[in-house]
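Note that chain A is present in both complexes that follow, paired respectively with chain B and with chain C.
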Partner chain A sequence: MGQGRAALCRSAVPGSYGMSCVRELGEVGMRITVNHGLCDGLGQCALVAPEVFSLDDDERLVVAPDPAPELAGRVAAAARACPVRAIAVEGA
Partner chain B sequence: MSEVIDLAELAASAGLEQELERLARSHGIIRTRQLNQQETWTVLGAALTRELLSDPRLSNDVHTHAPHGALVPGLQVMLLEQDDPGHARYRRLVTAAFASKAVRELEPRIEEITRQLLDKLGDSGTADFIDAFTYPMPLEVICDLLGVPGEDRDPFRKWAMDISAAPSLEAMQASAGELFAYCIGLIGAKRERPTEDLLSELIAARFEDGSALTDEELSSFAAVLLIAGHDTVTNLLANALHDLLTHPEQLAALRRDPSLVGSAVEEALRFRGSAMTTVNRVALADIEAGGVTIRKGELVRFLLNAANRDAAVREDGHAFDIGRATAQHVAFGMGPHFCLGQRLARQEATIALTEILARFPSLELAVPEGEVRWLASDAIRGLEELPLRYARESA
Partner chain C sequence: MREVVVVGAGLAGVRAGESLRARGFDGALTVVSDERELPYDRPPLTKQVVTGDLTEADIRLAGAEDFGARWIRGTAAVGLDRERRRVRLADGAELPYDGLVLATGAQARAWPGVVPASGVLTVRGLDDVRRLRAAVDGGAREVVVVGAGFVGVELASSLTELGLGVRVTLVEPFARPLRALGGAVSGLVAGAARRAGVVLRLGAGVRGFRAVGERVGGVELADGEVLPAELVVVAIGMTPATGWLAGAGLALPSGRIHCDERLFARTAGAGGEAGVPDPRIVVAGDVAWCDAVRSADGPVPLEHWSNAAAQGELAAGNLLAGPAAAEPYGHVPSFWTSAFGLRIRSVGLPGTGDRVVVEEGDPGAEKLVEAHYREGRLVGAVSVNLGRRLAEYARRLQGERAGEPVPGGSAA
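Now for the complex of A and B:
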């Protein structure tokens, strides 16, 4: 996968899991993956880390590009707060 | 602080929320005694509630870590008494049934049930609205959704009351046992003859590895969805009607502008939600919180109705104000165990309030305000009965 600060979104994981969205956190090398097939738009992640996660008008989860590295702990907590574990964080 | 509070005793009064908020001013967390005489930590403060509800050092899996904290000994309640990642694996099986789209599709059926129940009340009279409406409405909806035959529904009210408003430990355990036994039978019947409903879908559901739910898991699922799926809305609706009728200026505002119903529902949830206390958590490590040390192995629960009145969040928390443009409450909890059915609950409450107020321009408490009786429960906030005088013409 790409290096550095680029945020990218890609359709991945064919089949029942639907579309995944990948964001890379610049310097800390943390990668956030949202499984939109699982995400139910409950917004629990957005309560924990509103700088990174938000819901649009259709309750679709939006992940901010390029979040500050010091938010790594909150991003991990946001992933844990998800009732269906739709958010995966690597390298936190 | 050495005082141990008996919540069920306090709950028998309308002033419970004020009392808790007063306690919360000095202690964000207190000791309370539960029905089975176990002492637990009970979190009152809003900030502490938000922090600890997502704390991985608190486990919902009391059956593994503290069996004395279980709702019913030996019967692990699906979702409520599970931790991730297992909890999420099970929850994913029912996500779609309670998602926005599914709940929107239920709207016509909820309206139909609502109108049929209101029709039975006739043009005017006096009735216990819990008996006549707030109990049967959500029960019909969840039974339809799960596929519970109409003729089976009679014992549910007693089972639900015994389980969530627990008059005694014995009654609670007996009713929980009967409910689980009923659910085992229901699952067996649906296995033989699948129908188009959520329980049949769960029987047919497969995990990623191809495995299916066991009969025990299925009946635990059925039991928790049945009880949590109606009893909470029954009491929420009754509380909402009570609070609107005892705040005439708020009721008048809602009658003037029915589009306020959404924010009225949110305020009802904040002001006197029905799922007052969460199930127990157990500390997996020593935790410093709110000036106390929660020791590893100790039980912790959350008094959501106290957090929702926390003066640190809003100074006028004891004012019932349907104009507050905020859903910033924790009536549905927060984090991994955030209420599965919150969209359905909100939709049912919205439809019910809209239809009731439109149907009866004249609606009032049929007993003096101070004479309504509150459930002596440490888990559910609700009324014993809600006697209302109603008429289709304004008086």
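Now for the complex of A and C:
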């Protein structure tokens, strides 16, 4: 999905964009990878973990730069809520 | 609990299976499906699968093969004996259970009259979309879609997007497409559909079909006009797949399985009322009529992807936990659809409001957020190309619910 939509990632480095972005929840050893090529901006993840996932004005996904470790459970739930499985979590 | 049977391998059934294992269930798990296909996702069927942007392999439900279940495919469950705790299958086999997950979803509602032998389809599964594509690839260019709910509207959009010169007429007996979403959405969809070249026949009832030999040749409207058609798609809603549960002693209001707030199936009580829940049977997905999903008028059935996923997960957890430790279903409904370049999302139950307010954006620009209120209280929100703020509405809806003293109460 997501064909024809510009993939956007506001990565940890301001101004750098890419097809996927990675966030570490260091203390709990969780790694979040969002594949913006798959993401269709459906925003289901943002309903579950709005502190981490949100949409911009063009309905592109923005991932918070530095998610708090205590959000790990909700990040995992957000990944399950994504209809196109654009969010992968490891080490949850 | 040693043996769990899941009936139905759609999203709800697969999520239930995954979740049983994730919560440590290591007993025997059997999943029964009347489809031969490996489990797959339905939302892309009317969108990217029709247009060819996604293949059949792309829409397989990930994870379905991983949870160590015994799969029975291509065989329907035909009966349930709650007393003996057995599910009866079409081939005569019986599956004993300690715990049962009912996730049989729904079928497309069939046209309630006579239809020509070929050229009239409904769309619910992969097979239906294969037939649809085969008809178009075989040269059908004059297509009539009956019903402008989200399935009909998405199909009309995808067929025009194909670029094969398919002429689509969308016929809807009510005056508005996607009328369930209320507000300005219908008008925006109608405008965008017309610009894409779709002929809209709103407020037009269908009387029946004309055949040319075995094949459909036209659609006859209530006023006698006949629309030429080489292919007709009937998209008039769905029928819950509960025929096999007749006589099982479960409460089946309007054909759905009534379940309590913790997703346990309610038995048929005396006098047609829903009675006490069966502690060994949970319900999830499109087939459910859940006490926890309600408007001021009572439970509201949902036909949403996110509901099937969330109920599948919780149903499994609650089945293992048992009724006393089970959690109530607290998910805020959410839905999306897209057609003709409009990306539409909703949270809550917008169709149940009595007042709609445009709270952001502008219908003229095809970008807006509408909030739906009932007696002054937020019941849902819909966005078109502006989904950014829906998460806030979802949070507000969650709050309204948490603060709700009596279900159905009319706090202002």
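The rule is simple: the second predicted complex is superposed on the first by the 74 of 92 C-alpha atoms of A that agree within 3 Å, B and C clash if a C-alpha of one lies under 4 Å from a C-alpha of the other, contacts with A are read in each partner's own complex, and residues count from 1 in each chain.
FYI, a residue touches a chain if its C-beta (ideal position, glycine included) is under 8 Å from a C-beta of that chain, and two chains touch if they have at least 3 such contacts.
Because the structure is predicted, anything quoted here is derived from the model rather than measured.
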Fit or clash between chain C and chain B when superposed on chain A: clash
Contacts of A:Arg80 with chain B and chain C, given as first, second, both or neither: both
First (chain B), second (chain C), both or neither touched by A:Asp66: neither
Which of chain B and chain C A:Glu90 touches, first, second, both or neither: neither
Partner chain in contact with A:Pro50 - chain B first, chain C second, else both or neither: second
Partner chain(s) touched by A:Leu38 [first = chain B, second = chain C, both, neither]: first
Overlapping contact positions on chain A, where the chain C interface meets the chain B interface: 41-42, 44, 47, 59, 80-81, 83, 85
Touching residues (chain side chain B, partner chain A) in the complex: 50, 54, 56, 84-85, 87-88, 91-92, 95, 99-100, 334-338, 340
Chain C - residues contacting chain A, complex: 15, 41, 43-44, 48, 53-54, 62, 305-306, 309-310, 313, 332, 334, 336, 343, 345, 347, 385-388, 390-392, 394-395
Chain A to chain C touching residues, read off their complex: 1, 3, 41-44, 46-47, 50, 54-57, 59, 80-81, 83, 85
Chain A to chain B touching residues, read off their complex: 38, 40-42, 44, 47-48, 59, 77, 80-85
